[in-house]
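Two complexes, one shared chain (chain A), two partners (chain B, chain C).
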Partner chain A sequence: MAIMEHSISYDPFNSQTKAVLNKDHYVINGEKCLVPLADTAEYILVIASTDKGTGAFIVEKNAAGMSLVEKEKNMGLNALPLYRVAFKDCKVPAENCLGGEKGIDYTRLLCLSRIGLSATMVGVAQAVLDYSIKYTKERIAFGQPIATRQSIAFMLADAAIEIEGIRSLTWKAAWTADQGEAMKDDLLRISYLTKTYAAEQVFKIADYGVSMLGGHGLIREHNIELWFRNARAFSMLEGLIMA
Partner chain B sequence: MSTFSLDEDQRQIKESMESFAADELRPISRDCDEEFRVPPEFLEKTWGLGLTANIIPEEYGGYGFNRSCLNNVIMAEALAYGDLSLSRGNGAESFRVAHSGNGNRCSEEEISSNFLR
Partner chain C sequence: MISFKESDMEKQVKDLIHGMAKDIMRPIARYYDEHEHQRPTELEPFRVIMQAGGMGAGRKKKSGEKKEIKVTDDKIGANAMSITGAEELAWGDVGLMLALPGSGLGNAAIGAVATDEQFERFGQKYAAMAITEPGCGSDASAVSTTAVPDGDDYILNGEKIFVTDGDRCEVVVVWATLDKSKGRNAIKSFVVEKGTPGLTVGKLEHKCGIRASDTAVLILQDCRIPKTNILGDPEIRPEGGFKGVMATFDASRPLVGALGLGCARAAYEFTKEVLAKEGIEIRYDKPLVKLSAIEKDMLWMEAQLEMMRVIIQKAAWMADNGRPNNLEASMAKAKGGKAGNLVVQKCVELLGPIGYSQRYLLEKWMRDNKVNDIYEGTQQIQMIVIARRILDYGRDMLS
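And then the complex of A and B:
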């Protein structure tokens, strides 16, 4: 799905990529970034502003007017090929607009995406904690495992507390989403709070991980540095929060 | 949400995803990060497991699972524990669309027959 845009004031609710209806087709203009697997995807779902709000359009990979600008090289998320994709007078049939004339519930889609992101943040944070616990129990300094040192133990405890916090919040947000219309009014708020808090905590926990491993936190022989780079990317995805 | 415990289906989802993450994601995580790529065979495995297509109706090649954001959150956490980039690679779109639960009409008949066959 192509949703993000290279803009200092990027707002997912105000896409600068535009789709204009012209008889039986839409014409899309704009540029997207961080589009996963754009080089191999048969179809790309493009989020664009329309005169009715924000729509989602299925664009075929060889559609005239769509081109890959470049493969992005970022600090994290390296294993996932991400591309900048440009649309210049790219025509797509009107029936490729998801949800037909009525369109999709874009706010819900964004909320659910934020909840999905939050869940992955919990996974990364838990990976950092489990690795750090094992490492600090095995690493001996001054005759004792460093896990027994207060400065390390406090970080482990803090990480454990915050992971339970972001997991509970993510589950609550997911549960809210599963209530559908009954809790529609709560979904935007809870999904935003969840993503913001989870992004903040996963980065803090990954930073703890680097601290606890010391020099080993920086080298490729330990996954902590990889998780740290990935954790930093979270706050950038789908709208800046506390970057 | 009257309980915070997982039901039997959710426990199975969690365990199978944790096992998949440990066996298939974590071991290739470092190489994929340094080579800037997701191996095609990895994507085939995830497709075979139904991670991407789980809620797509059976007549369109999916598994017809009920849509549940909570189930997908359990799945996403377990996969990201293995590797974040690969977890998003196998279901980058699923997180947003297929995983997005009810209300997006992504599998409505016309769209499904045009794009999922």
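And then the complex of A and C:
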């Protein structure tokens, strides 16, 4: 899915990539960033503004007017190839508009994506905590495992509380989504709060992890430095996870 | 998995209690903040509710019945109902909530461990809990009040401080040791009726907040009570005696978390109303660069409130559904206490002179809420409990 754009004022509800209907096809113009697997994907689902709101368009590989600008180089997420993709008068048949003439419930799509991202963050945070617990119980300093020191133990406890919180909140957001129409109005609110709060916490917890491992937190023998770099991504990400 | 669906019963109880909190508590909240130690007589209508649902809460079975732990998923039990009620009452006023007859930990302890005969005698009485002493607070195992058997009686001696409802209660559950040399397992709880010779109320504390609730010093001087007033097992056993006493906390800690949540929600809602009058609305669909600092703070606080609620709900849900919740109960208390204070204090900060002025209740809520991060196990004690659990450490490894 191509949703994000390379701008500080990027707003998922106001895509600067536009799709204009012209008889039997749409013409797409704009540039997307952080598009996963764009080099190998057979189709890319492109999010673009239309005169009716926001739509999603299925663009086939090798479509005229679509080009890969470059492979993104980021701090983390390096296991996933991400690309900048440009659209210049890219013609897409009208029937490739997802959901047909009616389009899709874009807000719901975004909310589901945010919930999926939140679950991913819970996983990263839990991985950091599990690793840190094991490490701090094994690492001896001044004759005792460092986990027996309150300064370490309290970081672990704080991480455990926040993970319990973001996990429960993610469940609640997912449950809200499952209620469909009945809780439609609350879905945007709860998924927004969950995603932004989880993003704050997962990075904090990853940072704790690095701190608790000390110098070992920064070297590649331990996954902590990798998770720390990956965790930074979540606050800016939208739409990488399709729920 | 926990269900977030609100049952009709929960909804009704919530609406009823919310209405009473709004119509009865809010109008008198300032008065009792300014008139500390005066008993709020307006709270009588709540007594019926407390007797129906609150007093003796947590009493699930008659003693002697075989304890059957059935693990379920969707039971909405006494714990879920009490946290729902507690949030609404604390939204009304934390101090007045604590001044409700039967709201204290004493009633919870009696409900949890009393025999049928004891429950018959004390179950409907307004019970306080006396644990803390001048020489022991969080380290409850250092209790030095003594209980010495004498014929058919025990004789209690010692001093208890910070006893919530200590003056107004009808009975007090007192923690005392049967034998100081035997350590934690010799600590038992005893029901002492008000008016028993040898039990006197010392001074009443003057406090930062929750002034509607009385906090007393109790003095026990050769206070003689019948042996039938001991709660739980009268024998000193090498294993697990103290754990039984501590188990009450698994039910009460989420409840205190809910008090922090209720008070913080009140502050947040008030702040949101004031901001709305200034034309500041909270939006959920804007990127970071479009948000004002105030809006960002408000969103952060709202996330805190949501998160506190789900953690507390989960701890209560586990208790209702036969799952051990010692870890989650401490998490609920730690988060509810800490985040509640962060939220209320942030609200005071955002509203400037309106936050600081005594024309509004916000400044009072900030004072009231502080205690929710202290009693029932301080923030730091909860962190120790949580850390021990996740590290699988005993007290010898982490204290």
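Side notes on the structure shown:
Everything that follows uses one rule, which is that the second predicted complex is superposed on the first by the 238 of 243 C-alpha atoms of A that agree within 3 Å, B and C clash if a C-alpha of one lies under 4 Å from a C-alpha of the other, contacts with A are read in each partner's own complex, and residues count from 1 in each chain.
To be clear about the criterion, a contact is a pair of C-beta atoms (placed from the backbone, for glycine too) under 8 Å apart; a residue touches a chain by one contact, two chains touch by 3 or more.
If you're wondering where the values come from, they're calculated on a predicted model, not measured in any experiment.
In the superposed model, A:L45 lies in contact with chain B only, and not with chain C. In the superposed pair of complexes, A:L156 makes contact with chain C only, with no contact to chain B.
Of the two partner chains placed by the overlay, chain B and chain C both lie in contact with A:W175.
In the superposition on chain A, A:L112 contacts chain B only, with no contact to chain C.
In the superposed model, A:D11 lies in contact with chain C only, and not with chain B. Which of chain B and chain C touches more residues of chain A: that partner is B.
Applying the stated touch rule to the two superposed structures, the overlap between the chain B and chain C interfaces on chain A comprises residues 168, 171-172, 175.
Residues 1-4, 284-287, 289-290, 299-300, 302-304, 306-308, 310-311, 313-314, 328, 331, 334-335, 380, 382-384, 386-387, 390-391, 393, 397-398 of chain C touch chain A in their complex.
The touching residues of chain B, counted against chain A in their complex, run 1, 4, 29-30, 32-38, 68-70, 72-74, 76-89, 92-93, 95-97, 99-106, 108, 110-111, 114-115. Across the complex, chain A meets chain C through its residues 8-13, 107, 129, 133, 136-137, 145, 147-148, 150, 153-154, 156-158, 160-161, 164-166, 168-169, 171-172, 175-176, 188-190, 192-194, 196-197. Across the interface of their complex, chain B is touched by residues 1, 3, 36-37, 43, 45, 58, 71, 73, 76-81, 95, 98-100, 104-105, 108-109, 112-113, 115-124, 126-127, 167-168, 170-172, 174-175, 177-178, 180, 220, 223, 226-227, 230 of chain A.
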